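Pasting a structure here, questions to come.
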Amino acid sequence: MTNTEKSKKGVLLLAAGIKGAIGSTVAASAAIMQNQPENVLPYLTTGEKFPFLGKAGQMTVAGWDTDPVSFDRALDCCGVLEKSLWEPCIPELNKIDVRPAPDAGMGVKEQVAQVKADMAAFRNQQPGLVPVFANLLPAGVCHELHGFSTLEQLYQAAARVPADIVYAAAAVESGIAVVNFTPNDLEIPALVSAAEAAGVPLAGKDGKTGQTYFKVVLASSLLARRLHVNGWYSLNILGNADGENLMDPQYAACKLDNKTGVLEEVLGYAPGEKRHNRSAHKVHIDYYPPRGDAKEAWDVIDFEGIFGLPMSMRINLQGRDSILAAPMVMDLARWMAALTLAGRSGPVPELAFFFKKPVGPDGPVGFEKQMAALEKLEKEICP
Amino acid sequence: MTNTEKSKKGVLLLAAGIKGAIGSTVAASAAIMQNQPENVLPYLTTGEKFPFLGKAGQMTVAGWDTDPVSFDRALDCCGVLEKSLWEPCIPELNKIDVRPAPDAGMGVKEQVAQVKADMAAFRNQQPGLVPVFANLLPAGVCHELHGFSTLEQLYQAAARVPADIVYAAAAVESGIAVVNFTPNDLEIPALVSAAEAAGVPLAGKDGKTGQTYFKVVLASSLLARRLHVNGWYSLNILGNADGENLMDPQYAACKLDNKTGVLEEVLGYAPGEKRHNRSAHKVHIDYYPPRGDAKEAWDVIDFEGIFGLPMSMRINLQGRDSILAAPMVMDLARWMAALTLAGRSGPVPELAFFFKKPVGPDGPVGFEKQMAALEKLEKEICP
Amino acid sequence: MTNTEKSKKGVLLLAAGIKGAIGSTVAASAAIMQNQPENVLPYLTTGEKFPFLGKAGQMTVAGWDTDPVSFDRALDCCGVLEKSLWEPCIPELNKIDVRPAPDAGMGVKEQVAQVKADMAAFRNQQPGLVPVFANLLPAGVCHELHGFSTLEQLYQAAARVPADIVYAAAAVESGIAVVNFTPNDLEIPALVSAAEAAGVPLAGKDGKTGQTYFKVVLASSLLARRLHVNGWYSLNILGNADGENLMDPQYAACKLDNKTGVLEEVLGYAPGEKRHNRSAHKVHIDYYPPRGDAKEAWDVIDFEGIFGLPMSMRINLQGRDSILAAPMVMDLARWMAALTLAGRSGPVPELAFFFKKPVGPDGPVGFEKQMAALEKLEKEICP
Amino acid sequence: MTNTEKSKKGVLLLAAGIKGAIGSTVAASAAIMQNQPENVLPYLTTGEKFPFLGKAGQMTVAGWDTDPVSFDRALDCCGVLEKSLWEPCIPELNKIDVRPAPDAGMGVKEQVAQVKADMAAFRNQQPGLVPVFANLLPAGVCHELHGFSTLEQLYQAAARVPADIVYAAAAVESGIAVVNFTPNDLEIPALVSAAEAAGVPLAGKDGKTGQTYFKVVLASSLLARRLHVNGWYSLNILGNADGENLMDPQYAACKLDNKTGVLEEVLGYAPGEKRHNRSAHKVHIDYYPPRGDAKEAWDVIDFEGIFGLPMSMRINLQGRDSILAAPMVMDLARWMAALTLAGRSGPVPELAFFFKKPVGPDGPVGFEKQMAALEKLEKEICP
């Protein structure tokens, strides 16, 4: 290990699902950023924040994936980035330390121990960097593990535990901050109390990247003008793995509920109750091959002004799912590294800006409040 | 005058252009609000603010128009509100004190004197109410009156002066706050210094009601995510008088430049410079009879994420111009009444939320900053 | 019965489901057309066709509905037409002869007999008019009655038979033409052969009123330019009874399959097979209260030109379901009356223009072919 | 010249403006088609038509351009096709015989003579092929040359003559069919009568490639249902040279008038007259850099059904101008070659399908009529 690695400041981003659409895009961005910063840095919101963490470009990536394929094969198959962009970095990409997922057949404690060992190894390779764990696993099935008050109880009693919780428990026990970008529910009491005890900050859940981000923004702007929303229909069509995966109703369940609850929270009322005395906020996600990773969202918002006169707004977002998500994961890693150094522990509701279902009590609601909360938090952790 | 009128708290809204699409809608709303508050109050942002001003419903309207037609005829021809909504209030509506505009042929000082006399008369009729002057005149021609440092100089030298400035000067000299909802430039040095001297607050200019409001909101949300805007095309089609009027290029000029400058201000860069080294932000307003007062806006936003990968958003707003504008004018009247009582004088940049081209130095820029400024201002003026 | 009724030429439209959204709109249109033809006639495609049938305005309506409510109450609750439009015709509307549906508990033959008796009564009231039966019942459950070769066998064996088939059988046995505007499958072998034997023409099925009509039109135009369709996503949101009804998956099944099959038929290939080797044509129907009867459709079409370069078209149709459907039902009644007089029997594939799933062999496919077929058919039946 | 060239059947496409966006795309397609037919042939409507002309792939291209740059440089700068598509054909592309435009300073007759000499040379190189001249020059200024009855008179009197007419006159005098894909007016009496006398077929004018094509299709479908159009607003934003050129009002004039007249012709009435007693059909073309060659069109159509109830349709076409145009130019070349062999002369109104402003008397109007006319014409010229 060279001296520079020893004394280098920056962030060590440890991702579960690192070969997925978002994970591989984050890894490629971190690599390409070293010599072509203009491709990534201008699109990070923390580019000039937290100087004590070193330049935003100082980020090393490692992690886990069940997919044994080589990193460049993974990038190729996800089809998010043109090959010409990352081809020059194939050597560094294929040197990324990707460990297999622990065998789900083993006992929970054993699985956690394996991940903790990986984390210790990752840390030794990059002593100067502040490690942050990012959960980028596929949308999983909802589970019922809220009954346990400590991780120990969980390990004893729970037969099967979703991979998300194995990784998160290992991180908490290793004193490593956790970012849950998935809709999966890993903020169970056992884990939250362990994090608080261990002085580990937790952020999540379910990245607010595209349609839902703009939904919160527009809902905040309609509320700010007292324009009453009578109905909001959101269609999502996408053609990547995440999309195909969401076609399985049980998986879509968590995702959908995160996307629907958001609106009522921002507006303070359920659209549809006033004029139709039933909810008129629907979110439909559908798999549509031609879109690939380029998710398309179509929204219609029915609202009324004085005298209940109806008006409507239709929004068509032709986005790129993982291109919107990757910079958010990198920003969250820098936030969590800074929060770790600032000694924050447990859920960080002030990061609600990044999530569909922010964890932690009394988080800011609405776009302007969430932006103000970020500004305030930055002042608190930057001396 | 009955006792109640004498001791009644509330706002006296004096509007130039009171029989226009916005003015008549404001007048009808103020009348209907007395017995059917549910039709208007829930849509006011100041509904529960400034208790010291009395209930938001306590608002009396008076003003000027060149159109001699009766008030119900004016409402009918503007076609904004269904007749069934205001028919029951025709008696009160036709009792609204509407004075003719001063003869533009007279000397400027004489015209101002006539308006001041009207203002004094309006005040005597409603002693308890705090008067506020709202400029709702048609989009006028840009003028060149920036050379005068005092109103006196203006009166002596200027041969022709736009009606906007006559009314505003009269208001300032009568100690009455001024709200400029039009794109017309009445915040000339002579008037601003007079307002500051007379302790009269000024708010303006060009109400940010529909497309431009959501443009500022979305631009702020894109900046918040460091998504770089490469181009923004805005189409406006409307079929009311304001629309037909704007087809006259010289009138459209002020309007258009207000709508174009806004974006660069919020983003901090000119969309198009980076990828096309020329501006790629265009606003086109067109007269399209089928829309009537229901202005329709179509926007396409081209933005890029990491690696400059292009994404786009298209927004179609089917609004109702004057239905969006009227409650803003009523809210502004209550803000300015409160600011008058709080002793504020001169431009009030903190009200940037309401305007395309906010007057006054260092006003807040961007949706979240403008919302925060309103919150701060309210705390300052409400003990 | 006055002499005029005896000798009057025209069409007697007998509708099952006459108090529904389409049925009541047809009835109101027929009544209002008598003294305000300008409200309806210009929107009929058969306005100037078939002079031998008398003026298009000469149409009398009668039929069946399970809903006992008065006709004006039905119109009010469907909310399709403003009350001010049909209020003057309430007397004629409430004089429309609406008979109850036969008790579904009775034997099939008995139910058919009751409907035949009603039909005979209707005919006697309007001897001069040519009767046509229009099926406007709600989208029903798919059934399995294809095994019977004659109506007699059907009556003997089938325990339960959908109402559609009871009415259609009664019509065929009464020598009355049948128009099936519903997606329900009543063109079973037993009925078709009976119709052919009795010299009764049959048209159907599932009215092609809005999104599907324009889908056929646009698909034909893309094929005409050899622009290959790689994917087509259709969203339908509506808030009327038909909408609520379609939320029941089993009912939606027939409707959806009619809407999906159409595209492949017109294009001659399954969109998605070439680039994604799986179908990429999806139709999603969702219940969205704010729309009421004003169905909204959103389509995205992904197509490619030379070199497979991708292009796309997005269409947003803000229609009025029953307002688009009613004139088609009236036009179909005049076509079938003319076809009856011209001695046509059995399915009339040439009327494919009107239907999502045209019945009968070798019907014209594609907008231009369907228009040419109508032109040819008209020449054949008009001497 | 090898034997194959002598006896080869097919089309010799001679294009003025061959290095432009459309011209270069046609040339690249013709070259690539030789060994990768699947990239072009499936998108030609005449792919299987006119076997007597040889396979559709048998097309050789030559022509004129004022731009001296090499062919691959031209393709690169137009930015229509990815370099990877045509790079392998650079040798053939740079062998294309491109002659300079005649010096506009010379006398008209001399210019025509020079072009005729070029045409003779082109023909000698490809004796077997049927030559067709395609006008792909930029949208030019309207001119006034309708007064001349013969080309001879034109040559004598006219000082300056647009290049379009120079090329077209040379073609007619060389017995070569003319396709006018531009909005420029070259069908002046002198040229038409010369074409008729020389037995040369003429097709034009102004290719109906994107928005206008679908406008004719949708207008035909609304008329077919007697849905009355009250207004139609068309926005076009594009960023290629054609777009920048159209920003010059005098050039846009011809283009715009072609795009506006079409609708009234198809509908048989002027949208807006009935409800607003003034035209409500507007077309606005604007230069918007981010689009490049990928023209985007946004249309809103306001139409009414029974009782004048308003409905609306909005269409957003994200097309690729030259990708839509190139195959049409190739198809037109094959049609005109076939028509030449079939002895047709003068304007060919039956090709109205391809043009915004079809030349020649009593051409078919409306999508279905234009398709039927193509079918009929093909039967006439294919024994």
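Residue numbering begins at 1 within each chain, and the chains themselves are lettered A, B, C and D in the order written.
One rule holds in what follows: contacts are C-beta pairs under 8 Å (C-beta built on N, C-alpha and C of every residue); 3 or more make two chains touch, one makes a residue touch a chain.
In UniProt terms the chains read A, B, C, D = Myo-inositol-1-phosphate synthase.
It should be emphasised that the depicted structure is a prediction, and the values quoted were computed from it without experimental measurement.
K.L.:
Which of these, C-D, A-C or B-D, makes the same contacts as A-B in over half of the contact pairs?
P.N.:
That interface is repeated by C-D.
K.L.:
Taking each chain's centre as the mean position of its Cα atoms, how many Å separate chain B from chain C?
P.N.:
Here the centre of chain C sits 52 Å away from the centre of chain B.
K.L.:
Taking the mean of the C-alpha atoms as each chain's centre, how many Å separate chain B from chain D?
P.N.:
Computed from C-alpha means, the inter-chain centre distance equals 50 Å.
K.L.:
Can you give the whole-Å distance between the Cα centres of chain C and chain D?
P.N.:
Between these chains, centre-to-centre, one finds 42 Å.
K.L.:
Scan chain A for residues touching two or more other chains and write them down.
P.N.:
314, 316
K.L.:
What's the complete list of touching chain pairs for this entry?
P.N.:
A-B, A-C, B-D, C-D
K.L.:
Given the complex with chain D, which residues does chain C contribute to the contact?
P.N.:
My answer: residues 25, 29, 32, 39-40, 42-45, 47, 81, 85, 213-214, 217-218, 220-221, 224-228, 294, 305-309, 311-320, 323-324, 326-328, 353, 367-368, 371-372.
K.L.:
Where on chain B does chain D make contact in their complex?
P.N.:
Residue list for chain B touching chain D: 230-231, 233, 235, 237, 239, 272, 275-276, 278, 280, 282, 284, 286, 288-290, 296, 298, 300, 302, 310, 314, 316.
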